[in-house]
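For reference, chains read A, B and C in written order, and residue numbers begin at 1 within each chain.
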Amino acid sequence: MAWSYFSSPATFYRLARSLAPWFFALAALLAAAGLYTGFVVAPTDAQQGEVYRVIFIHVPAAWMSMFLYFVMACYAGMSLTFNTRLAAMMARAIAPTGAMFTFLALWTGAFWGRPTWGTYWAWDARMVSELVLLFLYIGFIALANAFEDSRRGDRAASLLALVGLVNLPIIYFSVQWWNTLHQGSSVKFTGSTMHVAMLQAMLLMTFACWMYAIGATLTRVRSVILERERRTRWVRAL
Amino acid sequence: MSAIEATGLACSRGDSRLFRDISFSLAPGEWLAVRGANGSGKTTLLRCVAGLTRLDCGEVKWNGKPVREVASDFRAAMLYAGHAPGIKDELTAAENLRDALALRGTRPDDAVIDDALKAVGLEKHRRIPARRLSAGQRRRIGMARLTLDSASCWILDEPLAALDSQGESMFAGLLATHLQRGGCALIATHHDIGATPPREVRLTP
Amino acid sequence: MSGFAWAFARDLRLAWRHPGETLMVVAFFVLVASLFPLGVGAEPQLLRRIGSGVIWVCALLAAFLSLSSLFASDYLDGTLEQMVLSPRPMIGWTSGKIAAHWAATGLPLTLLSPLLALQYGLDADTVAILALGLALGTPLLSLLGAACSALTLGARGGGVLLALLALPLFVPVLIFGAGAAEAQASGLSAAPHLSLLGAGLIVGAMALPPAACAAIRIALD
């Protein structure tokens, strides 16, 4: 079966509809397992008490935000190189989920930071990069929707995604450099040796977020496809 | 051999398909009129042939070779004039003409530039900033460019817009000379320019 | 005459005829830099401490303000199309335009920075490093801004959208530029910062004009 069969929006539309519920179900199962392990099984941290448990949402959300950006940039690259409509639609569908995870990471990070280090926000490389990542997502969504011609929005936003992909590590390292100079409050993740249950919980939650992200993207891409292809025969037949 | 040959051109704007399966060929010494109602895609077709807008499918050949392969040769031999006249407001008519020609690689003397502007009736407006010229006068600067440029293929979008009847006959004369020299032209217009009616490419929405 | 020279000469001539753009950028720079002491108090120690950072941020914002006009007027009057369709390679005239933009905005900012540094009571060495940092950083800002400005040609939400795209890209330039001046002020060597800025400028000068060209093609599609 040729993979290019699935690059037709009509076929992908049907495929996405049948696959999405499975991913959501998987996400729910993994999340249940992860949250149980994280909140019930994993022991209380010696230094941070119960509040540390927010990392079981914070860390997976942060990892997902970066991973989704990378995937989005890959789709963006594909849409620019091969000029395929579906790749651009997938990139557009990923962006809001990515932005949500970024926001969640920042929010839970602040929530974690306050009781632990006494501050909601610290100017370290990770947090600043995460904030810039949020702006990159918002910029992508804004640019993609800023034109009458949606194809032009696709291509402009795809180019932006690629430029951002290069820029993000540069920002990370420059803020890290800046931190070593300014001796700012360095946020370090305590506990280099993690209890095995903590690690399990984090991995479970990461996979849960990943499955959710796939499910959400598949659902969203279906409405993007409908919107884009609304003048074609197969959509009017729906 | 035809200068330009287009096969199966199709293009969409936004989410709607503008035209599909358009084919034509243009030989040296002739011009082709692109006709159609407003919004039928005439401008887009011209832009696709010129290379500004991406085609959904189809191919344009220049002297038998795909334009993709001979892009810089094609651009050197082709002159495009769209709706916007390509004139900077802050520069004078003479400066605009000189810049436009320098961009295309020709650097004629001031005397030649002045003569060209005189021929299109702008000799008194040479040193005036283009901002103060009327739309018709700006079009005439474009016509002066047509006389001085060495391009063999013209792709023009509504070249008679804003021109008065004197300007129209001036343009007809320019076109006739150009075709006589072996040039060709693809023009979107609803006028009949010159004596013989041209072949047509008709776009229906 | 290469495409670079053509575009550089033309854009400079246009800026000369219409100096409003340059004057506004410079005026904004001076104005905003003068607002800070009014906001935080004019205590000399404090001003000396924040001086280089503030001047850098003001230069960055002033440079940002001028970005929207980089390609916009050519796009609107049809000259951008003519440039894309000319036989000259796109890279040449795009780089020429960006260079002319820097000469009309970034260069005046750099030259004016020592005067503003006086307002903040910075010492001579710091002022020199500040100006050198700006001399390296403002071209990079013009390059980054050109790519963003080309992406947003004809987009709705113009200025704010451009800010959203461009300002995150400016962050490393700010960090290293202001960092250089502050390093000098605290007695450390500014060389690592300046060399990183210089390296960034070289890489940017090679990689960003093609990105701007790609964005222009997308805009004219």
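The rule is short, and it goes like this: contacts are C-beta pairs under 8 Å (C-beta built on N, C-alpha and C of every residue); 3 or more make two chains touch, one makes a residue touch a chain.
The structure presented is a predicted model; accordingly, all values stated were derived computationally and were not measured.
Chain centres here are means of the Cα atoms, and by that rule the chain farthest away from chain C is B. Comparing chain C-alpha centroids with the centroid of the full set of protein C-alpha atoms picks out C as the closest. For the pair chain B and chain C, the distance between mean C-alpha positions equals 37 Å. Taking the mean of the C-alpha atoms as each chain's centre, chain A and chain B sit 48 Å apart. Chain A and chain C have Cα centroids separated by 32 Å. Along chain B, residues 54 each make contact with two or more other chains.
Multi-chain contact residues, meaning those touching two or more other chains, occur in chain C at positions 221. Within chain A, residues 151 each touch two or more of the remaining chains.
On the side of chain B, the complex with chain A involves touching residues 12-17, 54. Contact residues of chain C toward chain B in the complex are 1, 6, 10, 13-14, 17-18, 73, 76-79, 81-89, 93, 220-221. Here chain C touches chain A in the complex through residues 147, 151-152, 154-157, 161, 164-165, 167-169, 171-172, 175-176, 179, 182-183, 211, 214-215, 218-219, 221, going by the rule given at the top.
For chain A in complex with chain B, the residues that touch the partner chain are 83, 148-151, 228-231. Chain contact summary for the complex, chain A toward chain C: residues 128, 132, 135-136, 138-139, 142-143, 146-147, 151-152, 155-156, 159-160, 163-164, 167, 170-171, 174-175, 177-178, 181.
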